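In what comes next, subunit A is part of two complexes: it sits with subunit B in the first one and with subunit C in the second one.
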Partner chain A sequence: MAKAGEKSGGSGNKGLKRKAATEERQEAAVAEHGTTESGVQPSKAAAFPPGFSVSEIKNKQRRHLMFSRWKQQQRKEKLAAKKKLKKEREALGDKAPPKPIPKTIDNQRVYDETIVDPNDEEVAYDEATDEFASYFNRQTSPKILITTSDRPHGRTVRLCEQLSTVIPNSHVYYRRGLALKKIIPQCISRDFTDLIVINEDRKIPNGLILSHLPNGPTAHFKMSSVHLRKEIKRRGKDPTEHIPEIILNNFTTRLGHSVGRMFASLFPHNPQFIGRQVATFHNQRDYIFFRFHRYIFKSEKKVGIQELGPRFTLKLRSLQKGTFDSKYGEYEWVHKPREMDTSRRKFHL
Partner chain B sequence: MAAAAARWNHVWVGTDTGILKGVNLQRKQAANFTPSGQPRREEAVSALCWGAGGETQILVGCADGTVKHFSTEEGRFQGQRHCSGGEGIFRGLAQVDGTLITCVDSGILRVWHDNDKEASSDPLLELRVGPGVCRMRQDPVRHHMVATGGKENALKVWDLQGSEEPVFRAKNVRNDWLDLRVPIWDQDIQFLPESQKLVTCTGYHQVRVYDPASPQRRPVLEATYGEYPLTAMTLTPGGNSVIVGNTHGQLAEIDLRQGRLLVCLKGLAGSVRGLQCHPSKPLLASCGLDRVLRVHRIRNPRGLDHKVYLKSQLNCLLLSGRDNWEDEPQEPQEPNKVPSEDTETDELWASLEAAAKRKLPDLEQSQGALQTRQRKKKRPGSTSS
Partner chain C sequence: MQSDDVIWDTLGNKQFCSFKIRTKTQSFCRNEYSLTGLCNRSSCPLANSQYATIKEEKGQCYLYMKVIERAAFPRRLWERVRLHKNYEKALEQIDENLIYWPRFIRHKCKQRFTKITQYLIRIRKLTLKRQRKLVPLSKKVERREKRREEKALIAAQLDNAIEKELLERLKQDTYGDIYNFPIHAFDKALEQQEADSGSSDAEEKDDEEDKEDVGKREFVEDDEVDESDISDFEDMDKLDASGDEDEDDKSSSEEEEKAVDTKYKGKAPLKGPLRRKKAYVEIEYELETEPEAKAKTT
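Let's turn to the complex of A and B:
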């Protein structure tokens, strides 16, 4: 019968799954592509004339079927290739070529000329005499003022309280609708070194302004993914009064260095190792992850950590030279999404 | 080497750490020059201007009140003079006929003798311009006229050879629609060529044109751009528009005939501190707090030409106005190049040696051209010193 012939002819691809469907498909296929082959049975690949793609089949069900078969075939081939490669590696043993490193966005990061070379004298001088010099020369010790935007809700208030336990020598004050430009001279006269303002929107904290006080830079961050203490699973007991250690990860560029130094200047210089507490600012792909842990050395090589305090993620929006003055201040760096975010492999911190 | 090549630098930039950087865009090199060999923040460069004799000398105004002479021919600082008096950093530096004009933040404008012998002498002329000066600019055509302006310090044009009173004193605009006084904050001033007009850009994002020749003391034209204070301004070749930069790193070209925005240039991430256009080529050099010197092309096609990371915050710049952008004539290069190339091309030309005597000059020139062509292929690139 013609149909039978067509059936066998059209089943160029692997196995017949649904005979009814395939019959119809074959007829359609034959009808659509007149030159569809009959002597195709033996060849398993390319049963159709070149230039034919699965997407040209108008019928959605049949198209889907053809596509899923193609996908299964691809998966089988891939698995077979993997097995073969594994066998070859085992066979070669020590002489096997090293495994290729998978490409990740962090690996493929575009070369940034502003990455600081530790031997660079000019940058070293710049850093040694910038606004944080007095902190790094141990001349001043930090005193932080934490406040929020006006009329904060519960989450923000609790975050401020928890932050004040994490950052030693910090004081939380209620922002009674006062202007920051008026608060800042008062802070300076009372010897505060830093001002943290947590901005709140729709009852959740979403921004952080960190201003170094006498005349230092002001950084404006977007804050996301805020978890208070009770929302952290398997956490340890509340942090003690011991001064924590700080870890600053991955702040490589010049801008990253400035921001890293800003964070470092929040904490006093003398960490108390008895407390075993550590605050980590980890920068990855321009997002800064803040975590607060307590660690314990179980043996020479094994460490256990318990997460304590709040956890949040920051992204730098702008770094302004001078204390907070968003209208008339001069900006050292402003994040411009349409100009700076064009490449997925380019990061600024 | 750096000293010898200093004359060919296209852009000179002054930084916050006291280093004067010379950037050669053709060879993509940046060189640091410091008066004392070490960067010092007390010597932060706040004003730069060309000295006497074309572009062979640069006058560097530092934060400690000294004006240093730098020679581009020799590539080193030659002398300095202490221009004392008045608090604040230099807001304007100019020189005319062997005298030096300085203006500081507190409003004291002084004219000094530029002789090294009389380094500690008193100023020839002293004027009080008013406190809070942000810029003093000298008229490029009539060198004895200077204009000053600042925060709550309206634009004034002074004739240094004339009386102690300003020749032109600008009047503030009318009260705004709420009947409130409009504050004044002139951040940068430029003299328009071929007329007596002046353009200023203000910290309240306005660009204003004043005409001393007209009876009206108020601005003749006012245009606004953006929402942030405009910090720097430069005239474009052609004289019909200005390019302004603000504290957010936005650059815009504003047409002065109609007072409207023409184009915006992108790329800067920090506040613009220095802007200068080349007098004939469509090139714009900009520097700012993001520590990068950028050279944009402002016409056909518009875009970024060069970007140079310079490690310190940049305060002011000087763009060389020379037409010949290519540096160095062939001679100093040849002795360096010929020995290295000889080995490669020896075999090639050995056979042609008989006829080679006439061909050798062609060989060197063509190789020179090849080298520059290869160098050009690498553009646009970035350099670091």
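Let's turn to the complex of A and C:
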């Protein structure tokens, strides 16, 4: 009797199907069978034995149907709850309690004891005596050498060229099979302050080694999402020779501080504001996003920015104390994926 | 009794030889003692009872020879001579050991020896240069990092962050005189003024209010008094604010604010309240920049 109204298969008419009975619903209330209600809450029809779940239905189509119906019901309830909450808020007006702040990964970040306090004296003292002190005291001005790994392909070469327009006082030299260990003493003798090596794999650049030269730290980054100038949409004209400003965002921990200082020491100290160009290194969840923009102040509360220049993302892989030496170097920090990537809310930079 | 032709007839051509590898165009010989590596009648080590090869072990080259007299003694079959490290001397050694041997084997031995020395030299050169170290990537880790990067990019909201930072810098006055946005400077200076003369103003205003309530009720705002006094007192803003008379006090203190107005590119509101009065004295203001005065400030 319960099966009388049953329609199996792909009929899309929900009303009829609601009336149809399955083997589980044989014990259900008999009243539903005769009704012609349509578009009513399916919960009225449900009087299943306790402990029943949709996943126990053996028939796939029926199970799918029941599940989608359940989902719709959930969504409706959620929407209704939201509306009710909104109405209550409006009714209260000003007295309404403040909206709860949603939890984000950045909010929930695991507390890192190496986060630098702005007033920390020890950090200030360290920074006054580290390798970048001479730069920050305006004693040295940066001179950068940009090179690649062996036999670079087109993309890498173009990226090097574009980088050299972004970073003032930088020179690009081709690496013709020379060993880095031999290049470095030559650079030091010619007064270079920094060395950038762009590593390439399968015709795309994928790594960046930034080495501060007179025995400074060496940072090794993994580079991803490289966009050359012509691949950037809505970009402005090529950057001029003016010295850009720098923005360093979110470098909070000690490690982040040292990396931030490394980036800052790439650019000369005296940004030319007439040029209205700004290079940004923004750290978010251990990924450093590099962007190069031209800005214009439309009013005192509004600024427009236009992206020039290449863009790429860096992820720090290791920080080494001396200049580049992969075998015998002393590593200050190495990224170990199995230990450090376990928690989604723990960041190091 | 070993007959080369019979061996070649069976193994080489017709039946199965386990060292033979056939491809579409050629067949090769996998035998370790093979001189050329191809499968022919003259270079098959099984089908030639008098045979010689060059083999290299750990950078040392050896000349191996086999003669028919030792065919019955498999253990002593191959005679080994270590060749000299010097290329020419080694060639002479080969010649002297393989004297009276067939031309083909002698020639091929020397060729093989040359090839081996060449690749040994290359190995030595390459080990001195830097080797490219291949690091294996784990697909899972790569996928995970890519996804996290995308999420981080969305969370970063780069454009907003950069704009905010630039506006901060504008507020902090790092750009100096390049951008002159009037409201900005005016607000700052006004805040400064209020902070300085905040307390004194408050006291004076209390006194004024008491007296005003007693006397007149017309006065609504402080500006009123300025219209007659401002031209006279324009230069007095620098002098002490507390004068002898109350009116002077009032006017000078208020006039300070007005002087601030005129200094910072005068504001239209000056004219507004003045216009409300019924009778007033026409006063000429000196505004520093005319166009700015017309600008909407609020």
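The rule we apply is simple: the second predicted complex is superposed on the first by the 304 of 349 C-alpha atoms of A that agree within 3 Å, B and C clash if a C-alpha of one lies under 4 Å from a C-alpha of the other, contacts with A are read in each partner's own complex, and residues count from 1 in each chain.
The rule is simple: a contact is a pair of C-beta atoms (placed from the backbone, for glycine too) under 8 Å apart; a residue touches a chain by one contact, two chains touch by 3 or more.
Every value quoted in this text rests on a predicted model; they were computed, and no experiment measured them.
> Overlay done on subunit A, so just call it for subunit B and subunit C: clash or fit.
On the superposed model, which is not a single observed complex, subunit B and subunit C fit side by side.
> Tell me which touches more residues of subunit A here: subunit C or subunit B.
Greater contact footprint in residues on subunit A: C.
> Going by the contact rule set out at the top, does A:K336 touch subunit B (first), subunit C (second), both, or neither?
First partner only.
> Angle at subunit A between subunit B and subunit C: what is it in degrees to the nearest 10, using CA centres?
Spelled out: centre of subunit A as vertex, angle of 80 degrees.
> Contacts for A:I274 in the overlay, against subunit B (first) and subunit C (second): which applies, first, second, both or neither?
Second partner only.
> Per the contact definition in the header, classify A:I188: touching subunit B only (first), subunit C only (second), both, or neither.
neither
> Given the touch rule stated above, what does A:I204 touch, subunit B (first), subunit C (second), both, or neither?
neither
> Contact-wise, after the overlay, does A:S225 reach subunit B, subunit C, both or neither (first, second, both, neither)?
Only subunit C; A:S225 stays clear of subunit B.
> When the two structures are overlaid on chain A, which partner does A:K327 contact: first (subunit B), second (subunit C), both, or neither?
first
> Give me, in Å and rounded to a whole number, the least C-alpha distance separating subunit B from subunit C in the superposition.
8
> Tell me, which parts of subunit C touch subunit A in their complex?
Touch list, subunit C to subunit A: 129-130, 132, 138, 141, 144-146, 148-149, 151-153, 155-156, 158-159, 161-163, 165-167, 169-170, 175-176, 178-179, 181, 183-184.
> For the complex, give me every residue of subunit B touching subunit A.
Against subunit A, the touching part of subunit B is residues 17, 19, 32, 38-39, 41, 203, 227-229, 231, 247-249, 266-267, 269-271, 289-291, 309, 311-313, 382, 384.
> Once bound in the complex, which stretches of subunit A touch subunit C?
Those in contact with subunit C are residues 104-106, 150, 177, 179, 222, 224-225, 245, 247, 249, 273-274, 278, 280, 282, 284-287, 289, 291, 293, 295, 297, 299-301, 303, 305, 313, 315, 337, 341.
> Would you mind writing out the residues of subunit A in touch with subunit B in their complex?
Checking each residue of subunit A against subunit B gives 113-114, 120, 122-123, 125-126, 129, 254, 321, 327-334, 336, 339-340.
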